[in-house]
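Multiple structures follow.
Look at the two complexes coming up: chain A is in both, with chain B in one and chain C in the other.
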Partner chain A sequence: MFGWLEKNPFFFAVGVFVVIAFAGLIEIIPDFAQASRPLVGTKPYSVLELAGRQVYIKDSCNACHSQLIRPFKSETDRYGMYSLTGEYAYDRPFLWGSKRTGPDLHRVGNYRTSDWHANHMWDPTSVVPGSIMPAYKHMFTNVTDLETAFAEALTVKKVFNVPYDKDIDGDGKIDVVLGDSPADFEAAKQRALQEALVIAKETKREDLVNMVKEGKIPEIVALIAYLNRLK
Partner chain B sequence: MQNPAVEYDYTVAKWFSYLAILFGILGMGVGVLIAFQLAFPELNYIFGQYSLFSRLRPIHTNVVAYGFTLSGIWATWYYVGQRVLKVSLKESPFLSGLAKVHFWLYFVTALLAVVSLLFRVTTSKEYAQFEWPLDILVVVIWVMWGISIFGLIGLRREKTLYISMWYYIATFLGVAMLYLFNNMAVPTYLVTGMGDPLHSVSMYAGSNDALVQWWFGHNAVAFVFTVPIIAMIYYFLPKESGQPVYSYKLSLLSFWGLMFVYLWAGGHHLIYSTVPDWMQTMGSIFSVILILPSWGSALNMLLTMKGEWSQLKDSPLIKFMVLASTFYMLSTLEGPIQSIKSVNALAHFTDWIPGHVHDGTLGWVGFMIIAAIMHMAPRFFKREIYSKKLLEAQFWLQTTGIVLYFSSMWIAGITQGMMWRAVDQYGNLAYSFIDTVTVLHPYYTLRAIGGLMYFIGLFMWAYNFYKTMTAARQIEEEPKFASPMAA
Partner chain C sequence: MNWLNDNVNQLALLGAAAILILTIAISAKYFKDIKEGKSEGELKDENWDGIGEYKNNSPIGWSLAFIGTIIWGIWYWLAGYPLNAYSQIGEYNEEVAAHNARFESKWANPTKEDLLGMGEGVYLVQCSPCHGIDATGIEGKAQDLTKRLLKKSVLAVIEEGSAALGDKEMDGQGKFGYSMGEMPPGLVSGADAEAVAEYVANGFKGNERGAEVYANACASCHGPDGRGMDGMSPNLREYDDKIIEAVLEHGKQSVIGTMPSFKGMLTKVQERAVAAYIRSLSE
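Right, the complex of A and B next:
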């Protein structure tokens, strides 16, 4: 049989394809519906948080930081409750990382504050002596691309039915307001600016507060909004 | 043989060889820099934000995997393909034209990819960072290669596909499937008409995305760093040594075994994560089984040298290839060990993982591409290899570099893994995270030096290749087996 396949490239290629595709079909298909169900009460990211998540991605924070707490006592002691699949239901892409050059961040919002983050991103060794992480000063002057974050939120709402503008926790109020079309961007921007102002004030940095007041959100503020959300 | 000798067309094989050298130096240069950054963080700022570790790491991995390695794969494809099929690219103006377009489109895409990563355009998925417009270009390039493979097969005089051809075909099919599925994304601009046109959002969320990513990521390793490199060694080792492949049956078992088993092993990247437990265990088990086909190929190559071990002493090219095969064995033993759950609990997220990756990539992939290109050089240029001594020196320098690299990373990884879980007499964690970072400084330094040694070896390689092209003694006819070298 193999001798025959080696003289008949078409069937050889078909054979190879079937053999390599097999594992994928078995492993991926059965679990897909299951794993994408959100944990009860998990809310989608606000536009500002999503913008911060995009900053996290742009600067490849995931190259050194994981967001996956494994179910070991040594990990839950250090980082908090181990991670559950339903917590990731709105994570597109996932950001588990594969290397902890720095610590895990999946619940960093529980134990770090806005001003700690601002100090740390400006000069890591000022709060963690001996840190080998570089400073990310450009995030303090770059303006967040809120429009793309809004576009992403609108896209996942439309294409993947992510529950924006819905009452998720059953308290009768809409949890994360977004809107239905690009025309709603202005309102979304105003909401993001309000959220951003709170964080900018928490960082105790004049320059960040002033930028937000001028209607420009520095990337660091969006990033901190995202990091604070990780709980 | 009744056919007259075919005159092969090496134009595009040469171009891809130049590119492999160029991308090798670029990609590993960045690698050396980021390795030194971990030991000496001030080096993060030498080009402002453009030299931050997190910006450069994806550039390092992409340039080495998709620049250096793919160029090496295509350099050998455009050489080996013609020869094992007994047909020249010159016979088909279409295929030889396509080969040139393939090269240029690839070159332009590779440059765009580097620029896009430098300017923060990334999806963040490892080895799949490119945003959707680049993904489309990648698909076009890949389809061109497919046409090249099956076009040349259509014209072949040798009816039976040689073992290397099996592996090239598998590379083409495997990467096509994996790349397409993993990069499925919705461009946000196309849905909403606003925001950054380059931005897209993954089709999969959370654990699903992780599952697809590592099904891809692990098998990108399979089909870029393993399968096509086996294609190379099955051609170049028998050719350079003048020995027939030891066993056809072993190559059959290894090939079909590798194809079936490899894809399952992706789950070992997700052990103790939130993907279902049965999948993690499947990943573990199949990773262990993977030793069989991997060692099958490697042993088949080593046994090809049976009775001819004196060649190992005499020829640096045989040295490179035999050691490549040996590193392949080391790395395919180490991988399964790390996939066992209790070991993975210790090793995952630590430097042992990059250590593992690099004994495979530097030892196996790098050495095989270096050897293949130096074997082809005398055939390209009708000159002998410029300097055997230089090649020997390169071999020893780079081998020492690899050993330094992986030993320091093993120690670093296990040290860090142990410290993360260490507790004091009351059961509290013994170390804060930063303690587990500062302790690694000496190992990071050693690793960077090991990497630097390998990097210097690349310049020796480039120089030797350049001199072979321009200044070495000319030879009358194409050497049949062992490549001629000046002392």
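Right, the complex of A and C next:
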């Protein structure tokens, strides 16, 4: 058999590849499977948070902001606990980023609040003198695309078995309610509107509260829901 | 020629020279061998299409390296890797422990200037985005730390009560920033409320009616002097360590806005320092 392989360099190469790849697989796969499991208690994004995440991606916040705190004292002093792989289990795609023009945002929900974000996104220099971050005034009038966010949540629930409608932390209550079919969108929208109203009130901006009351969620509210969730 | 003083540069230069000399010497030797060398020794029996091979012992250096690698491999497998493996988190933990030890011994007995300097640093990094670089709260976006209380805040607290530093519902019995718990709403109203708010916001001065209302309705909890009876309730006269300790631990949600909790973000010394710095602002 080996004589045959020696005469057929193509199959010989395939054989070599398989042998080497096998060694790689038994080293990589167990570690990978372990690391990609969600951290205990990590919850999937609500529809509103997912919509905010899409705004974050659409406006390329990740071009200037990372979401990965490295285990160095200088970083944990400023941002908090270093990041763990399991925290990204529901991030599709992950937004680690590779450039820090601005600070890391992986735990920004711990030390910034809704009203601060609203001030900052409207005009960054009003709270941070000399900030070079652009203002995002259009987010205060653009309406969030909840349909896409709902569709994304439903898809990951069905395809990747993301634990929506499950009791994750074991307190006997369902943690993140979603639904099972596109027909549940209306109910999901009502829940998102309730969440959004709380945040709009926290920003203390009448225009945002009014928009939410009219059933339209401004992009900024979804984005703040997402940023507050980063803890 | 400053760069020659650097020992890394010196090493690199030495290395480059050694590589150059070795390359020349070794290639010269091989060129010489090709030109003049002759093969000799005892031929093996096998030959392949007329190409034969001499019987040679394996070179000593090679044999030693081979056996050495096997021994090292066994050591590495059994002891080297399991006992000395590098871990990034391990290095981080050591770095933090070493830094904390150094930090604590360095600042075991900080002077007032040390505290103010450190406090200003902490303040600028952690607090200034909300309270402003000049600590006046950026036009009402957060508490003005150069003054104790605004009349507006006192009035709102009187009307609505206050459980701003905790969570009334937590675990069914509430969790509060001060041992007295929450302040009930509607203790006084109308002109009385106006007067006492004026009196308190003005630093416990002027306004006799306010002083009277204060003594009747508020002193039992906030103390006759307004200093919060040793941290049982908030000091209404000036910032003290207890207020800052409480707000850093619990955060606060009230009339002005929401302040997040800074639990675990600052060391004890840093908390004292930022407290000293904030007290110095309104002195």
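The rule is simple: the second predicted complex is superposed on the first by the 199 of 231 C-alpha atoms of A that agree within 3 Å, B and C clash if a C-alpha of one lies under 4 Å from a C-alpha of the other, contacts with A are read in each partner's own complex, and residues count from 1 in each chain.
Here is the rule we use: a contact is a pair of C-beta atoms (placed from the backbone, for glycine too) under 8 Å apart; a residue touches a chain by one contact, two chains touch by 3 or more.
Because the structure is predicted, anything quoted here is derived from the model rather than measured.
Colleague: When the two structures are overlaid on chain A, which partner does A:202 contact: first (chain B), second (chain C), both, or neither?
Modeller: second
Colleague: Answer with first, second, both or neither: which of chain B and chain C does A:4 touch in the superposed model?
Modeller: neither
Colleague: If you stack the two complexes on chain A, which partner ends up touching A:71: first (chain B), second (chain C), both, or neither?
Modeller: The answer is both, since A:71 touches chain B and chain C.
Colleague: May I ask you to decide whether A:116 touches chain B, chain C, both, or neither, giving the answer as first, second, both or neither?
Modeller: The second partner, chain C, only.
Colleague: Just to be sure I read the superposition right, which of the two partners does A:128 touch: chain B = first, chain C = second, or both, or neither?
Modeller: Both chain B and chain C are touched by A:128.
Colleague: Between chain C and chain B, which one touches more residues of chain A when both complexes sit on the common chain A?
Modeller: Of the two chains, more chain A residues are contacted by B.
Colleague: After overlaying the two complexes on chain A, where does the chain B footprint on chain A coincide with the chain C footprint?
Modeller: The answer is residues 71-72, 78, 128-129 of chain A.
Colleague: Enumerate the contact residues on chain B facing chain A in the complex.
Modeller: Going through chain B, the ones touching chain A are 37-38, 41, 44-45, 48-49, 52-55, 57-58, 120-126, 150, 153, 159-161, 166, 169-170, 173-174, 177, 181, 186, 188-189, 191-196, 199, 201-213, 215, 252, 256, 259-260, 262-264, 266-267, 269, 272-276, 279, 282, 286, 345, 348-351, 353-354, 420-423, 428-429, 433-434, 437-438.
Colleague: Which chain A residues qualify as touching chain C in the complex?
Modeller: Where chain A meets chain C, its residues are 71-73, 76, 78, 80, 82, 110-116, 119, 126-129, 202, 204.
Colleague: Mind pulling up the chain C residues that touch chain A in the complex?
Modeller: It is residues 88-89, 91-92, 95-96, 99, 125-126, 129-130, 133, 138, 141, 257-260, 262, 264-265 of chain C that touch chain A.
Colleague: Tell me, which parts of chain A touch chain B in their complex?
Modeller: Residues in contact with chain B: 2-3, 6-7, 9, 12-13, 16-17, 19-24, 27-28, 31-32, 34-36, 54, 57-64, 66, 68, 70-72, 74-75, 77-78, 83-85, 87-103, 128-138, 145, 147-152, 154-156, 158-160, 182, 185.
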